[in-house]
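The structure under discussion appears below in the form of structure tokens.
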């Protein structure tokens, strides 16, 4: 069992700390909210006066804070973690923050001789309570193995994201995709309603196609991800179908800003000469727009 | 077995007609491409000179054409189907066309005393060859049952879409969702690449979340679809995370037009006072934008 | 003075026809709305029963209709203009329709040996009444000169748009720019209000900059239009300022979909290596996206 | 003549400082770039070692820096301005930064008993050299009058933006509008090229309409700004014309992301029941989307 400093006892942090206690770890907890600190103290944690105090004598220091500026302040500010942190301790930032800020924090810590990794979590506060969070571990192989027993007290699945900063990166990609997809799904569902079509029937159909299953594991693997752009479904036809959908939506007064933006991406793909390529070639089109292809 | 007129012997129509022949139906086929007609004739179909000729004495007339203007011409034009169609025959349009055009065609046919239904298909030309298409049947219950034996010669799954015009509607929704999702997926994958993150690891994470599984069967059923907007994940936080993703993408030169459009939808949801509602409330927001809520 | 057939007596067409009468032209008018026809008849026009009737013996036939399908029907349909049109007459379509449809109409007319030009109008119905419309004349030099005296009865400014189909094209460009600009202007004005800034002061500032005067005659002529992309104001900085504006707007809950879309265009310009070019290089960026540069 | 501390001698700051010297002011200048400091020293300025040093004994301290974090560091950091600033001095921030950051800086200064105003500039570095900048003065009436003689050494037009923080706000609005308009203008110009239309003729037409002159002083003042939404040009028609333009652009492979986004704004206006209102009602639509109307 380890001595752990824990900073940030919010909706996620508090149950995560509880689970660490329950597993027998020794905790020193800090939060600006004294009620949250007292609640953990009642469970056996030691209340810390400052982040520095929480970090004293700790093997691990966990931060779970709302944004990167706070993480920076808690690390480097007055009475911050660095004032008392042992050189052989490991700081684990579990907050969801800006990935390029994570990089700078890790490198600023390294400059001072400290070791830090990023392990943001997936799932919800219910899972935090149940100790069944998804742990997205960024760090060296050694850091991940060292932290694993501590982390597994809070979650039931740990994904090694492939290196320092990669935990927060994979969290970002996942959130981006799911949050934007939510808005796109709403456009489709509202168009469905405006067309007088049963949503259940639409779901039944989409459950068997990329519309419901996504492209990553259906249309992409045997085409664009293998470099095969021969058309199973041509960009020209996809562009035509998008045009019909937008025309219908505009006649029925259903605003579809994501759909409208997507048509312009297909439009651009056609301008780039990809009209007769497979629709999965959109990936190559976006790569080219980002300056990533050769 | 039935006498069937079949108009439109393209990449999809030709194998569909072949499968009808193979099941023992008697076919009269028409296409402007004489080679396509001859190929079917060699398989036992009767070559028709005109759509009207193909429709003579037929119980069913199937159309599989590139767009709605052609369907209209083939029905109502000179030497069109209506010139010879029996009043008790059933026209089955299997083309993918504009749904509001489908409605007008069905109603124009009804005015002349003719019966017509829409049964666009899902899947690819490989499935057309194998006779394993997905059949999206729009029509009255009676029409669907009458057409079923004929349709099942071409596919292996028939979904009753719920009424006249609903087949083409569900096709449209499915295509809209999958085509736009393809572009959104490309943004996420390219951001992943620009961040130096392994796509396989991103896939591994997303395969367990709405990012990979979609929202229709994960985040929506127990929240917005039940009218529960209490936050499992707040719109304010989703908006914040989108902002981080767009900021990173703009620093790394990854254009994300769909992501940028989606942030403005969340922005609008917050302006409407939904910031502390669950992220699935985006569905209600888009419904309100479309004038569909009360 | 000329004998003129005039088809389409709506909000614009009726006063235009009145002005032709007032100038001494002899008119045969047709509309499906009999009241509109009678109103013109009361001013001295001859009421026609059909478009063909209106075109009989006319030197000019003017069409002013809501969309291109109607123009086509009035030309080529039953009792249409072509049934009675003299080979040396000139058809002038003044409707605002789809330019590619205009091209087909002109070419279909030419195939039948008829001469047709496009002269959509600018300004409002008030100007139609006053005879001060802007006339955007598409046609050969000869057609424009022949039609000029007739046209100038309806407007006070004629722009020779440079050839057949160019009248409707310049109308389209002007309308596109002004209609989209209206939405962009609203975003700026609403952000102004949300910031608590006086709109009058914002106007005062913008009246002296491209924000108020546009780019066509200010920032572009000496830079991108001359091929000079050395930076007066760098794309990187413009991109940064857009990012600030969007961040402020998102904090204040002002949805800015056009602004968000525009940032992704600058983003793409930076990905294409244009970050240190002048902001007017966005024109070259959009040309490249459209496949127009070499 | 005044004693002035000047921090930030970049492409804009250096010539601004030169002009102050030329008018007889006494300058203490600081920049991290020693070459820039030496260049000003050669013109008669006193070189300061730190921001604090530059502010010693100054009546005015001017900051002209690349971003708000630097302004904050220069004010409140170690050896920052506040260490030596006289309580009756006036700090003038002429940088272009985030307006909400400006607000915090002004209020943080006020808390310490210091007086600060925002005066970002318009126009280019050529105008900085010529002393003909546009000065956008945010501050109390008293601050503006006090700073005016100093400011007019650097520019030839001063606009009183209406209060503290309003200078930076009006700069933001102006930049937003001009930068996004640049991208929209490019879409129109490229569509023009793709249509084979002379850009000069398009310019000639647009120079007389809101497309070229903007809406602020043409279509808005007598309609939406007066509360008159009776249609001179209906939203339904504007929406239709946008649809034609986008359809043409998509046929010709001209990507128009801003145009596509704008159609969805009109679409939303129609969903909100504004289809038969004047097109300037888009302003009210966007206000409503931002939660600003009642």
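Think of it as A, B, C and D in the order they're written, each chain with its own count starting at 1.
The definition used in the following text is that a contact is a pair of C-beta atoms (placed from the backbone, for glycine too) under 8 Å apart; a residue touches a chain by one contact, two chains touch by 3 or more.
Note that the structure is predicted; figures quoted are calculated from it, not measured.
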| item | value |
| --- | --- |
| Selected from A-D, A-B or C-D, interface repeating B-C by over half of its contact pairs | A-D |
| Distance between the centres, which are taken as Cα means, of chain B and chain A, whole angstrom | 32 |
| For chain A paired with chain C, centre-to-centre distance based on mean C-alpha positions, whole Å | 47 |
| Interface hub residues of chain C, defined as touching at least two other chains | 247, 253-255, 257, 260-261, 264-265, 268, 271, 289-291 |
| Chain contact topology (line, ring, star, complete or other) | complete |
| Residues of chain B defined as touching chain C within the complex | 239, 243, 247, 249-250, 253-257, 260-261, 263-265, 267-268, 270-271 |
| Residue numbers on chain A that touch chain B, as the complex places them | 96-100, 122, 124-126, 134, 136, 159-162, 166, 169-198, 201-217, 219-220, 232-233, 238, 241-242, 244-245, 247-248, 251-255, 257-262, 264-266, 279-280, 282-283, 285-287, 289-292 |
| Interfacial residue positions of chain B with respect to chain D in the complex | 257, 261, 268, 271-273, 289-291 |
